[in-house]
Each structure stands twice: as C-alpha cells, then as structure tokens.
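Okay, structure first, notes after.
The first chain written gets the first letter, and so on, giving A, B, C, D and E; residue counts start at 1 in each chain.
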Amino acid sequence: MTPIHVRTGSAAHRGLQIAGLAAAAGALLLGATMEAFRVGQLTNVMIFAIAISGLNLATGYTGLLSIGHSAFFGLGAYTTGVMVVTYGAAPMTTIPLAVLLCAVLGFVVGLPALRIRGLYLALVTLAVGVAFPEVVRRFEDLTGGAAGLVIRSRQLAPPEWTGLTVPQRGIWLYWVSAAALLITLVLVRNLTRSRLGIAMIATRDNEIAAAASGVRLATVKTTVFGLSGAVTGLAGSLFAMYVGALSPDGSFTLLKSIELITGLFLGGAATLFGPVVGAFAVVYLPYFTADLASGHVSGVIFGAVLIAIVFLMPEGIAGVAGRFLGRFIRIAPHENQGERP
Amino acid sequence: MQMVRTTGTDRPALTVTDVTLRFGGVAALDGVGFTVAPGEICGLIGPNGAGKTTLFNCVTRIYRPDSGGVSFGDTDLARVRPHDVVRLGIARTFQNLALFPSLTVLQNTVAGAHARHQAGFAAALLGWPGTRSRQRRIEGEAMDILAELDLTDVAHRPAHGLPYGTLKRVELARALAARPRLLLLDEPAGGLTHAEVRDLGDLILRLRRDHDLGALLVEHHMGLVMSISDHVVAMEFGRKIADGTPDEVRAERRVIEAYLGKAS
Amino acid sequence: APASPADPAATAAAPASSAASVTPTDGCADPAAAAQPITGTLKVGWSAALSGPLAQAVGAVIDGMKSRFAVANAAGGIGGVKLEVVARDDAFNPEKAKANVGELIQADGVHVLSTFGSGQLNAIADDQNEACVPLLFGQASVPAYRDAVNFPWTTEYLPSAEVEMAVVVAQLKQKYPDGVDVALAANQTESGQGYANGFKKAIEGSNIKIVKEAPLTDPNAAATTLKASGAKVLVDAGVTTDCLALSMAVGRAGWKPETFIQPANCVDGKTLYEPAGDAADGQQIMVWLKDPGNPIYADDPGVKQYLADLEAQGNKLPLNNYTVNGWVVGDLMVDAFTKAAASPDGLSRLGIMNAARTQSYHPPMFIDGIDWKVTPTQALGIMAFRPFAWSAEKKTFEAQGDVIDISQNYQ
Amino acid sequence: MDIFLERLFDGVTNGAVYAIMALALVVVFRSTGTINFAQGEMALFTTYLAWWLTTVGLPIWAGALAAGATGFLLGAVVERTLIRPIRRRNDMASLIVALGLFTAFNALAGLLWNSETKPMPSLFPAGLEDFFPVAGARLYWDALGVWLVVLALIAGVFFLFNRTRLGLQMRAVADNAESAALSGVPTGRILMLGWGLAGIVGSLAGVLVTPLSATQLSLTTMFPILIYASAAALFGGLDSPVGAVVGGLAIGVLEALITGYVEFIGGTLPQTAALVVIVLILLFRPTGLFGTRQLERL
Amino acid sequence: MTLLSVQNLTAGYGQARVLHGVDLTIEEGEAVVVLGANGAGKTTTMRALAGLIGFGGRVEFEGSPLAGLRPDAVVARGVSLVPQGRGTFPHLTVLENLHVGAALRRDKRGIKEDIERWCGVFPVLAERTGQAAGTLSGGEQQMLAVARALMSRPRLLLCDEPSLGLAPKIVAELFGILATINREQGVSLLLVEQNAELALALAGRVYLLEVGRVIASGTAAEFREDETVRRAYLGY
C-alpha cells in the first residue's frame, strides 16, 4: 500500500498533531483511573522518561557519553529530600532548587569537556557517578548518610487547593509528572529543532567541522551538560517524591546510569519520543521477565531480551515504530523549508 | 558573548607572514609568507606533503603556528579562537570531507550559517515565535545556496551515503552559508570528471562575482588552478618556492621539478 | 539524623490506643476492611531480593517460612484458614520494593507483608501503614519501625543493633572492669552505621573508649589503621561478608586482638569463618537462634522437631542459618495468627496486628532463655543474647557463658 | 615505615588486580576497537566455574586452566554471534549488547551456583604465615604472585601486539577493518581471537582476584573491579597495555594511601578521591597517559 | 585467456540498488579503465568485486566464481583493491602498514624485498617508515595505500581513483609505476579514474559507466575519438 503524504505545516499535519496530543491525553486519563500501583508504575515511567530525556540531550544529540547521570538523578532527589525533611519545605517548591543545583553540577562536569573528549570524557562522568553515593555517605549530617533519608508520606501531602488527601498523593504525583514530562518534551523539541539543535548534532558528528562553522564547542558542551543535568535532576526531584526513601546505595549508583543509558538506546537516541519508549522498556521489561520466571532466570531472560531488541530493532523501539507508522503516513518537509531533526 | 563581525563593505586581505610549524622532526611549514588580496583567487599548489593543508589549519586556528603570524585585515588570527575565525569571514572546505553525516544536506548548510546569528539557548528552548521565523529565514537562504549549487534534489537526504562529488559540493554549500569574504578550498575538484571540473571553475568565478569574495584554492588539478587563479603560490617542504601569475609560476624551474614533472 | 521519624507533631496527632484495640485504624484508607475476617487462605506477601547477591539467603528465609507454613497447613491451618506465601523480587532495590508492595496489596490481595532489608522497609512502611496491611517481622533493624505510635502496622524481626551492642558492652564490662581501648570498624551502609551508633551509645558513661574508628570500605586499610591504634578489642560494625574480609585482613596484618567481636548477622560459620582459618579463631558473636548443626543442640527437642519437619517438607538447606531464620519468622507468624483467631478481633488484619503488638512467645528454635516479647509500648522482640566464640580447630561456635538478658532496661 | 609499606603493598596488589582486568579491556579495544563492559561478568562466570571445579576435587590450577579455556571460548563465541553482526552499526549497539551480557552472565552464575559467597582457594600459598618481612611489613606470597602475573601479562601483551604478526593484524583490524580485509587479513578470525584472548586474561584476573577480594567470590565481586579497570584503561589511553597497568596501579595505590593518610576525605571517599586525582591528571593529558595522540588529519 | 569476467553484476546498499547489470571482462595482462560520472557506481563495482559487498550476477576470476567469498579470500585468489579515499591504517606506522599488506604471505625474505622495492618506488615512504600513517599528507597516504595493496602480489590490481589528491608529478610517476607493474610483472589492472588523459594512455580498453550500467566500451583509441567522451572526460 502507498503511504499518505502529509506536508509539515499543512492542515493535515496540524490535524495529525492534534490527534496525537488527544491520544496522549486520553492515555493519561485512562492511566489515572487504574489501580494505585499501576498509577505508581506509570508515574515511575514518566519520571524515567524525563531522566532519559535529560541524558538524551548530552549523549543522544551531542554525543557526550555520560555514565554519571545517576549523580544528577541523585542530586535532584536529595535536594528535594533534604529540603522537605530538614527544612520542612513543600515538595513542589523544592523543584526549582533541585533543577538549579543539577544545572550547576552539569555545567561543572561539562567543563573538562573543553579539554577532554570522547571516552576520556566518559571517565569524568564515571568519576562523578562513583563519587555521588560516597559523598552522600560522607556528609551524613545533611543527607542522613548511609542510613538513608526518608520522606514521610504526610510530608508529601498534595497542596491543599487540590483537595487531595495524603493517601491520594500517588495520583497527584502522577499528574505532576505528566506535566513535567510534557514541559520537558516541548523544551527538548524546541531546542533540537532550533539551530542550536543542529549545532549539537554537528558537534557530535564532527567537532572540527563544527568549530569551523562557528559553533562554540565549549559553550555548546557545557551548556548542554548543564541542561541535561537539570532535566535529569528534575526527574530525580520527582523520584524523591515518588519513592520517599532515599539511600545512596539504593537508587543512585552507577547501575542507575546504566539503566538510563539502556533506556535511551532501547528507545532510540537522538529522537524526541525515544526516551519515553525507553522508559517504558526499563520499567516494564524487568517487570515482565520477573513474571515469566523468578529469581536469576529472570535476569538471564532480561539480558537476552535486551540483546534481542538490539538485533531486531537497530534504531531503537521508537525508530521501528516510526518506520511502521511511515508505511501509512509520511511527513514530508514543507516546500522550500527544512525537514527538521 | 563577543561577536567579531566584519561589515559587508570592507574586504580584508589575508596575510601570512613567516609561518613555521613543526610536528616532531618534520617542519610542515617553514617560514611561509604571502598575501591573498581582497577578492582575489589565489591558487596554492605544491607536492603532496608540502604543507598546504597545514597552512589552512593554521589560518582556521586548528593548529597554532610555532612562529610567524596570520592576519586577516587588521585582525591577528593568533588571537582568534577557532570558532570565531568564520565570524571574521573566513570559511573553508576540507580535503577529506568533514561533514555531519547524520544531518540532511539542508541542515549541513544551515549549520554553516551558525556564526551569522546570535546563539540563545533560552530562546531556543522556549521556541519563541521570533526564533522560529528567523529559523525559517535561515533555511530559505540555505535553500537558495543549494539551488545555486544544484543540490536541491538532495536537500532533505542525510549526507551519509551520497556520492563523493556531491558531498564535496555540500561542503562548499556549507562554507558559502557563512557568507564569507574569503573561501579556503582544499582540493574541491578531487574525484570530479573533466566536465565537472570545468563547471566547478565556472562556479567559483560566479561565486566570486555574486558573493563578492576571494578564495584561496588548494588543488592538484592544474587546468583548474591555472585557469581561474589571479595569482599562484607554490610550496615545497613547507617553504614557498614560487609566487606570481599562473604563467610565471608554471614556468618556474623549481615548480616543474618539484611538482609538475617533466610531462607537464 | 534527618531520617528520624520521631516528629513531636506527629506523635501528638497520633491517637492513643483505644480500649478495644492497641492498633489504631483511623489512619486506614478503609478501616472496615482491616477488621474483615480472613477466610480460605491467608496470604503473606514478600518483597525481597530473589535475584542478585542476596538471593540465596533470601530464598532460604522464604523457604524456611514456607516449610513452617506447610507444617501449620498440614495441622489444619489457622482454624481452617490455609497459609500461603506470595513473593515478588525487588533485587534489593527500594524503588522496586515500593512497586511490589503496591501490587501485592492491590493485585495479589495479601493480608500480611514481610520484607528483607532496611532500604526496602523504608520505602514500604508508609504505604503499608496507610493500607493497614500488617508488615510483620521485617528483616531489618532500623530503629524507626520499632515505634508503634508512628508505625502501628509494622514490626521488625532482627534484633535492634542498639540492644545487641548493649549486650556486647555488658559483656566487655564484665571482662574488662577497668575499661579498655576499642577499635571500631564500621561498614558504610545503614546496617553498619546502626551498629556503630549503637555501640557508641552503649559505652556512654563507661570507661570503655573508642581509640580508633575506620570505615570498612577497604578492609585491608581498615585493618592496618586499626592495628596501629594498639587497641585490645576490635568491634566489627559490619554486615555479613565484611566479617570474613575483616578477619582475613586483620590476620594478614599480623594482628591478634585480644577480643574480636563480630555482629550477629555474621553467624554463618561455614561461609564467614572457616575460609579465614586461624585468623577467625576466638572471634565472638551474639546469638539468639539455635544452630541445628551445632553438637550442643543434638538432643534439643526443638531442634529435633525442626529437623524432622524440614526433612518431611523436603527442605534442602535445613542447617542453613537463614532457613532457621525463616522458619522462626513463620513460627512467630503462626503464633500471632493463632492468637488473633482466638482474640475478639478474630483472624483479621487488625486482629493479627493486635496479636503481634502484644505477642509473647518462645519459639522452640530460640535459645532457651531468650524470648520474643512485644508490648504496645515496646517492640524490640529480642532483648537477650548468648555469646559464642568461633573455634577454628573444631570449625564450630562454642558457647561463652550464659544468656545475657537486658530486657529490664526496656521495661 | 612498616605501616606505610603495608599500605603500599595493599595498594599495589589492588592496583595489580585492576591492571589485569584493564589489560583484558585493552586487548579487546586494541584488537576490535570496542569496549567490552561485560568483561567483568564473563570473568565472574568463569571464576565460578573454576571454583566449582575445586569443589569436585580438582586442584585450583586446573580450575584456572579450565576458566581460561572457557573464557577464551566465551569471548570468541560472543564476538562471533553477538558483537560482529552489530559492530558496524554503531558503538552504542555493542554497548547495549555488552550490558545485556553483563546482566545475563551475572544471573547465569547466580542460577548455576547460587548467590552465596564462596571462599575461593588461591593459586599461591595464602596462609597467615606465607609472607616474608620487608622492613617490618609483610609481603604475602599471594600478593607477590599477583604482581608477578601482572608483569608477565603485560610483557606478553606487549610482545603480542608489537612483535607478532597476529598482534599487528589485530591492530590493523581495530584501526581499519575494511582495509585489513582488503589486505587479506581474515578479520573475522582476528576479531574472535582478540575477544578470546581478552577472555583468557579476564578469567585469569577473576581467579587471581577473588581469593584476595574482600567479598571472596560473590555476584558483586567483579563489578567494582571492572569500574576501576575501565578507569585504569582509559587513564592509560585505552590502547596502551603499559598505560593500563600504570593506570591500575595508580588507582590502587592512590586509594590505599588516601584512605590511610588523608583522613578527612580518605576514610569515606577513597574511590572518589582516587578518581578525582585521575581526572585532574587527564586535564593535563587529555588523551591519557600513554595513549597515542589522537590522529586527526584533515 | 580471460582473467576476470563479469556478467550482469547487480549490487546496492540496503534497499537502494546502484548497479543494474554491469558486464565487463579483463584479459590476462590487460589494463582496463572504467570511466563514469559522479555516483555512476564505479566504486560500488570495485567494492563488489573485492568482496566487500554482496552482489548478484556472475563474476569469475580465472574461471572460478568469486561470489560469496570474503575480502580476504578474494585477496588470496590474487585480487587486490586500493579503495577510494584512505585505505591505510592511521595508527600503524608506514612499515607496519606494508607488513599488514603482506598478511597472507609467509615468505619473510620476499616480504622484505618487496618492502624495499616499493620504498624505492615511493621514496617518500622510505623516509617515513616509522611515522604513523594517519599523519601523512593526503598524497603520501595514497601512495602508501597503493604500495600496501601491491604487497600481496596480486594478479589483478583494482584501483579506485588512485590519482585522487596526488600532485601532477606524482600522478605521472604513479601511472608510470602502474604501467611498469602491468607490463613487466604481468599484473592486470582495473582502474577507475577521472584523470582520463593518463588513464587512457595506460589502458588498452575502456568501459563507460552511467547510472549503474555499462553504456559504452571499446579501445582507448576509439574513446579518444569520441566527441562526447572527449568533452566530458578529457576536457577538449
């Protein structure tokens, strides 16, 4: 069959976009009516999607491999945790601080990128990832150290105006996460469709040529790292509200970074929706493999499924889905105008 | 953010003075000096390994000369950072293709215009209407350049997988998108048939006329160099061995011995 | 520490125990459901590490418990209600534990929960308290959940590190009436810190002094550092594998502390002492369970019964300490369920929780002289230990005197 | 003095362990241009195998041989069946496959041999008295054994890459596989051999390391070692065996000395401190200590 | 005797078919040149023959088929390709590059002699034996690539635009060398070349490729006479 061709900016394209948004909104509403633990799972997925979107900016679009994003995730989470537990802040009000601190940390981690490149830069991020749990343990007075930091449910009560009670905090966080994810996706989309997005990919593809075209590599790399850290930190902050119990060795080790990287490439790096798809994969794949078999067998199956996906879906799940959709609908660039990345 | 801009009317000359650069024991450049006058097409020839590409790299600040200097108009390029060279009006192509393979031809060209516009992460993130319309304008300009270079058909194809000769033209398009005063072309005719080389020569002349620019042209295709250059510099072992009109240089004994060979 | 839940506001807000029941239900999402009698099967849900490094230990615990339940079921269950275990893997990861517990409660409909690890319990406790599903005998030792006011629906099984260290210090005081210098090796996780803090608290006001403290992050470095302190006593505030690593490191450093005290979680002789050879000789440990493999219990009726039951159930690891653990927890649960069924609240979640809050029982596999005792104001459970010491020659633990009971401190 | 020496010995021993693993990474990188993040877990698996053979009565050296042989096979088979088909696609595909293998091999070891900690016998005399005194400090034979193995391995790897045809062909394949094939190099066989050899080195690392490791043989023994080995390999420049060894030793010694002497950070931040020092060094040598300077010609 | 016979060769990348049935033959000892515009499929033809990409159609070398052989097996049969662009090993030294070229040979003495011979032919290589190939200039690398391919002592040498990026004098020398190799050592040549002037001087026969098909073939002399060919490829 021949696919329908739609031009960007045309009425049909607008229609498609609106239909897509409507479908997403419908899915969210449907999700909200499910059992509480399912709502929790979906919240977790959205939080992962935000975290992976952050990683996507640095690793997917700009080619700066980071194995230290667990640290941003953790810093975001601990900022919220400490503000809520020690200073009694309302959870939502801690988000800006978490995002800001992570942006600063990201910028600082990006600084060595001015001199160090490629896998050597990955070593810098590795150091950050290894350091984070140790630092949390070291500054016990602030973070609760190895014993962990527990945010109690009543401290996570939804704001009064919502009329929601403490036990309903799950659904509140669900909608907060959905909003945060939406905002993240819009920002990422804007950024990557702008000439800065082109500069990011140019930096990834060929640094020397990018510099010769006037791309300030230093600015791009540090800023992208900052943004990337901020977005992942936002996810961390929401995660703190979701899980309530923060422990340095629980959720913020290198294994978290590995989970994020896995999600990014399973979903599809350098694509807008890849991180969302990847988040579903990292939350639900282990869940289903654990259902298939118990204990270590599920680990073997999970590993095998991961490999199978790489073999069967070279461009990530989102890429395959995109190609499948492409059989029915093709979006062609507007005449005299660029097809965007 | 500091912007180094030249206005549309000033046409600076490129002056290379006594540049030396060594790699370990090899002196890739050894006291080279010459001038490319505004609006001039200057051919740069020499045997393989003479230091031509290295000289390009010194101009675009990928390398820093051990001694000597390069200036563009009044600006000492030693003080300019690599990404600001293009802001001064110097754009280049690469001998061995340095494109962005995952970007489309159009996007590669748009990337070339990067230096001409204010970078603003905040504005880009928020996607303000002004940003978008500017984006469209840049894309429109890039499409014009592609049309000029006969690349419209492949505008939306990723650079990856296009034929070599096409990619060479994409590089040229990217360089032009920067609206340079001076184009540095490193073997643009590589891999082209005779007819294509002739078209390329016409194109370079037309570009000079329409875009009001000069060019420094490294090329082994003597037919091209001699037919379009106003002035030719020949190098060997990092040193200048001849400098003059095409006919003068072609007749120079050392150039024949070192470069052209008896047959030519 | 900020993690402390002892928030005065919350304590004030919490209602005092009503006349009818020690466990409040007004915080429950559905108080009526908590009082609903359980019929048919009573499901006990576990979120625990079924994969990863702890899987073997956790598996043994759960299997031990299943064996105990099978014995109870064969005897007719709890007044006809059969016991069943539902386990979900959390890979020792708190976020998975949280998700698991939601699913256990909402999808699997479990009536009672249990879990393994402090981080997991931290992530679970609030949800499970709101749902008013009892979490009984959690295999953790965080002080927070011994607080019946803030966590009325939670009890912990593992002895409090504070109690254990109090017993250790009591023993040290006997041995060194004039005081002694102690070197402390501390594991950098929640469990290790709990021990370290418990020890520091227990020596307050005594003339026992910590002359050097070292993290167990690198056991060799710790051994070298602590050896240089010249202390006579070495206290290991560690967790399982640390014990072996530290004894090997201390041995290789050529150090033989006069007294070397290991934590109670390092009770597995075969994996944690035997490999260290002579270096482990004489190391002391506080024990509350009978070791079915130890010759001193060869004639113990409780152990005999246990071994016979496990054989009948086909349990493959009867001598494993974790199996005993799970068995005893199962035993304690069966006791609590039975008492609940006999109580006015009946066999309901509320009845079970009330029974667990007022439970006084001597599991046959507890060392004689050590009881399980919980009251509405005290949820420590285990308040006595018997010191043992490892004999490298005989490859077994030997008793070092009588049970030390400090329950009078917690009246 | 004796305390300093003892710390130094500990540091060198730990560092030697990182170094061996780093060598395995370097062999894979040098011969195929990829980083095998599953190297540690593959070694874990073969070490379990060696351990298991000792429990059925074989001596540990026989177990070590079997582990080496299995490591070779595993490496070769994984390369042939899982890495080669996707290697050209992009680096990330092989990274994810390696992560899948990482999970699968760890779980498989847990499945076959359960997750209980296993005491691992040593290839060298490892009793409390098997040491000789050096200025008041104790240098144990098994530590010395690990040092010697590192020396032998590095000599071997250096010889392989710089003095043999096979080594030259491995480097050629890593550098430009297509041209290597066009020169008549059987690239497939070379890639398999590279992974196989790395498998041997990794397995050897596993068998040597676990008796000395604080955790003995357990499912978590290898992960931290792999992390430091990666850092060591990167530090050395990824393609330099000498660099990997120097990197490994640097991390081990820094960690031990910082833990011992810089109490404010050392006690609780040993790994952070070691890695931070490494990063600082990288700032001055952005391509690692011994890595060939990045060749970028235009 | 026919050394290489190619009938109805088809090949492509992924879904895109680039060659739509190319036919050509090379006789023992012959030098043949392929001309064609940008993107005509010249490189694709060469890559198919060298075993780098799969292909359809019949390809026989010395009477037996090449289909399904991997590149190293093709080299073993005596066909060696100098790829378009850089066929060198950038991190290996010049000398190591040459040794890799002899991967299939076991005769140490012969390898040494050959290295000396090609270093004599390309003196710039002799000066740089210890330099990493990646730091050579573009032209220097091209020479190294040709020398490397010759190290396997091929019976048929495939050259994809060998003159690309070479100085005129070197190009002349290179073609001189190729001619010598062809005439004196009996190595047959299949040459893709844009420098048609020199190529026609060297080659006996010519194929003209357009959009994946051979649209014309004949002797060099015939081609030189052809008006359109002259305009497109010879520039006069």
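Basically, contacts are C-beta pairs under 8 Å (C-beta built on N, C-alpha and C of every residue); 3 or more make two chains touch, one makes a residue touch a chain.
Given the structure is predicted, the values throughout are model-derived calculations rather than measurements.
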Worksheet item: Between chain C and chain E, which partner chains are common?
Response: D
Worksheet item: Which of the two pairs, B-E or A-B, is linked by more C-beta contacts?
Response: A-B
Practice prompt. Name the chain whose C-alpha centroid is farthest from the C-alpha centroid of chain D.
Written response: B
Practice prompt. Please report how many Å separate the Cα centroid of chain C from that of chain D, as a whole number.
Written response: 38
Worksheet entry | Gap in Å, rounded to a whole number, between the CA centres of chain C and chain A | 38
Worksheet item: Between chain B and chain D, what is the separation of their C-alpha centroids in Å?
Response: 47
Discussion item. Give me the residue numbers in chain D that touch at least two other chains, ranges are fine.
Written reply: 107, 110, 115, 268, 270-271, 296-298
Worksheet, complete the sentence: In chain B, the residues touching two or more other chains are 53, 62, 94-96, 98
Worksheet item: Which residues does chain A have that touch at least 2 chains other than itself?
Response: 137, 208, 295-296, 298-299
Fill in: Contact footprint of chain D on chain A as seen in their complex
112, 115-117, 119-120, 122-124, 126-127, 130-131, 134-135, 137-138, 208, 254, 258, 261-262, 265-266, 269, 295-300, 302-307, 309-311, 314
Worksheet item: chain A touches which residues of chain C in the complex?
Response: 1-3, 5, 7, 10, 29, 50-52, 55, 59, 87-89, 93-95, 98-99, 102-103, 105-107, 118-119, 122-123, 126-127, 130, 142, 144, 188-190, 192-194
Practice prompt. Spell out the part of chain B that touches chain A in their complex, as residue ranges.
Written response: 60, 62, 81-87, 91-92, 94, 98-104, 106-107, 110-117, 119, 121, 123-127, 131, 135-136, 138-140, 142-143, 155-156, 174, 178
Worksheet item: In the complex formed with chain C, which residues of chain A make contact?
Response: 35-37, 40-41, 44, 82, 85-86, 137, 140-150, 152-154, 166-167, 239, 242-245, 247, 249-251, 287, 290, 294-296, 298-299
Worksheet item: Which residues of chain C touch chain D in the complex?
Response: 51-57, 188, 214-215, 217-221, 224-225, 228, 240-242, 244-245, 249, 251-254, 271-272, 274-275, 277-279
